[in-house]
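Encoded as structure tokens, here's the structure I'll be asking about.
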Amino acid sequence: MSEISLLQSALLLGLYVALAGGYGFVYTIARLRDAIMLQQTSFILYGLHGLTAIAIVAWTPLQVGWKGLIVASSAAFLAIPPITWRFLQRTHETEVQ
Amino acid sequence: MHLNDPAFWRAGAISTVAIMSAVLIMLTIDSLAAISPGGSNVPLYTVINQHIDYKFDERRGNDAPVIGGPEPLFGKVVDAAQAEALIDKGKMVIQSRACIDCHTFFGNGAYYAPDLTKAWLDPAWETWQAITGATTREDAMVKFLMNPETNRISTRAMPNLGITQQEAEAIVAYLKWMAAVDTNGFPPNFGHMQSKP
Amino acid sequence: MYRSQQLALKYLTAAVALFGVMTVAGLLSAYYYINPDFLFGILHFNIAKILHIDTMIIWLLMGFMGAIYWFLPEEFGRELVGIRLAEILFYVFCAAVAVVAIVFIVVQYGNSNEIALWFINQGRKYVEAPRWAAIGVVVVMAVFAYNVLGTAYVTGKVTGITAVLMIDLVPLLVLYLDAFPAISNMSADLFWWWWLVHLWVEATWEVLIGCIMAWTLMQLLGTSRRIVELWLYIEVALVLGTGILGLGHHYFWIGTPSYWLTIGGLFSALEPLPLLGMVIHAVYDAGTHHMKTTNRPAFYWMLAEAFGNFLGGGVWGFMITLPQINLYAHGTQWTVSHGHFAFWGAYACGVLSVIYLVIQKVRGLAYVDGTLWKWSFAALNMGLVGMVGALLVSGFAQAFVERAIGGSTHEAFMLGQDNHWFVEGMITRFIFGLMFVAGYVALVWDLLTIGRRAPVLAAAGAAE
């Protein structure tokens, strides 16, 4: 791996997870406030995360197995916030506040 | 609904931990064989009697140690017991001086001083040999270790740690053996400058 | 107050004091990069670093023990079994830490023999403390385990949280036994050493802090036991499910078989997933309570825990965990950047949250807020993030110049260290370190005075 692609790849990988986190964070706030705009913002962040995943697959010298892991993880990152939200709702709905 | 039942998730936690721990134990047993001296990745201590090199392996796609012909350390061929004694002593010195709290070994340790994985193969010893008038690389290394504070080629100097001749020789033996361990290519491109920095 | 809780206060006080020692030692370590001749021939980088990393481990351990000694008597409904022994051992523990530190500073090295390992310095990272002290740590932890297990046995009352805690204490204690051997074969030495280090900080400690956060959430937000236990089990499953084989991300380059590159890289890459879940959970809890709480510093430090864990462990870790990247990042300031961020987020913030909660109970405060804790919170977090960012820049430069271009020779190392991005990163790190120190001073002052300074404004926000 060349020194430039080392830094590019690492930064893309960090951005990849950071954007997934951003999507999850904004999605949760959107659901808390029932705010459509925020929910759309969260999906834009996920879109950017997806673009980062595509960049990793297309432009980094990682092997194909790792690129497959990136794609699979992106699917997981998409699902985690809504599933976690629904599960949080369900587990808390029986609580007496 | 069992998803709401802590007992369901408790069972999940227990089974996950059990399965992962079992896999870890199996892989550990396999790895321990590979990393024992004479195993697939770690040479016998008597490798210090031989020439060590580090070359790119096309089949594997990474650098790998190459064990060559006879090249006794300090001009003396050692048997298995003597080699083991030297390695034991070398590690004892390394621990007693807390070398790993300035240097790294296989990249583990502290980052204030150079990585020592391939220190035996470092091109700098040729220069140090010339400066000190040492006849061999290992003699140059010993001279350095006994008075490191006199080596001021850079802003950062190694302090004098009261290392004796015997201790220095043991460290050098240790570093030569370490250079022969197969580290899956770490550090990459050792000694092959790719381009000007 | 239970005697166990009085002991908790002692442990938490000692923890905060050692946090200070860690910070000073860290500042000294950082200064050597700027002025390598500082104290040359008197005290060197390795001793400063040993003090820095060892006090880090101990202050966090003391923080965990303090938190557990605080929560457990209420959990069990009685005083802990063997508390008198634990009280004595606290002072023995503190005295041992002091003696070990003084010997590190004054004696520094012995000869290359067993005497040095038994009495001066064992020279293995994080577990440099001489063997006599390591025996002491085993005794302290064994009595701690006895306090917990013995009380569970006597009461016959085991909640989900205490069950997880008790099961976790066993590997915690057993793993520490790697603090004793001096294996000559470096590959084998590091192999077992990583069992201790990784399976402490990326497994058993995660479970410990999970238990502590479960109790904290119950008290801070009034969350029900059923919910915290449910989520504790999920967290244990996910964190240990990824972390146990994630141990393999330390087995790329130490002479172990190459299948660890795949296994370690894969499971390590999965480790951020549960951390995202934790962020969502934290935001959910904050949101459903409308960011209102009777203890604002405890609440904010808990949020910092969730976010810091995700960023420091998840994002920073993911950057360097894949083997092709790690080959170049391994053993550089990039690692240091990740380490500081991850430890801060995963553990330090959580312990600080508990400390504020305990203070609220001890001082009988209906509502905890103020100005000073915000300054401390800002300075500590911005200081830490600033250090991490600076170290990242230095780490990039080092990986670039020393590893990728230079091939990691001695000359390449020095070229990397002298690279102007590296040097500026080190200076910037030191400056943010000073900010962190200021935050620590503010923290200590706040802990000593919060709730004591002015009449508690019980009406102003307590009634939510």
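Letters A, B and C mark the chains as written, and numbering starts fresh at 1 in each.
We adopt the following convention: a contact is a pair of C-beta atoms (placed from the backbone, for glycine too) under 8 Å apart; a residue touches a chain by one contact, two chains touch by 3 or more.
Just so we're clear, the structure is a prediction, and the values are computed from it rather than from any experiment.
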Topological distance between chain A and chain C, in contact steps: 1
Remotest chain, chain B as reference, centres from CA atoms: A
Of B-C and A-B, whichever chain pair has more C-beta contact pairs: B-C
Inter-centroid spacing, chain C versus chain B (mean Cα positions, whole Å): 28
Distance between chain centroids, defined by C-alpha means - chain A, chain B (Å): 39
Numbers and ranges of chain C residues touching at least 2 other chains: 230, 327-328, 401, 404-405
Residues of chain A whose C-beta touches two or more other chains: 2-3, 91
For chain B, residues contacting two or more additional chains: 4, 194
Residues of chain B that touch chain C when the two form their complex: 4-6, 9-10, 12-13, 16-17, 20-21, 23-24, 27-28, 30-32, 34-37, 40-42, 60, 84, 87-102, 104-115, 117-119, 122-124, 149, 153-157, 159-162, 167, 170, 178, 181-197
Interface residues, chain C side, partner chain B - complex: 32-33, 36-37, 40-41, 44-47, 49-50, 109-113, 116-117, 120-125, 128, 160, 182-191, 226, 229-230, 233-234, 236-237, 240-241, 244-245, 247-248, 250-261, 263, 327-328, 330-333, 335-336, 398, 401, 403-415, 417-419
Chain C residues touching chain A - in the complex, by the definition given at the top: 224, 227, 230-231, 262, 265-266, 269-270, 272-273, 276-277, 279-281, 283-284, 287-288, 310-311, 314-316, 318-320, 322, 324-325, 327-329, 396, 399-401, 404-405
Contact footprint of chain C on chain A as seen in their complex: 1-3, 6-7, 9-11, 13-14, 16-18, 20-21, 24-25, 27-29, 32-33, 61-63, 65-66, 69, 73, 76-77, 80-81, 84-85, 88, 91-92, 95
Touching residues on chain A, where the partner in the complex is chain B: 2-3, 87, 90-91, 94
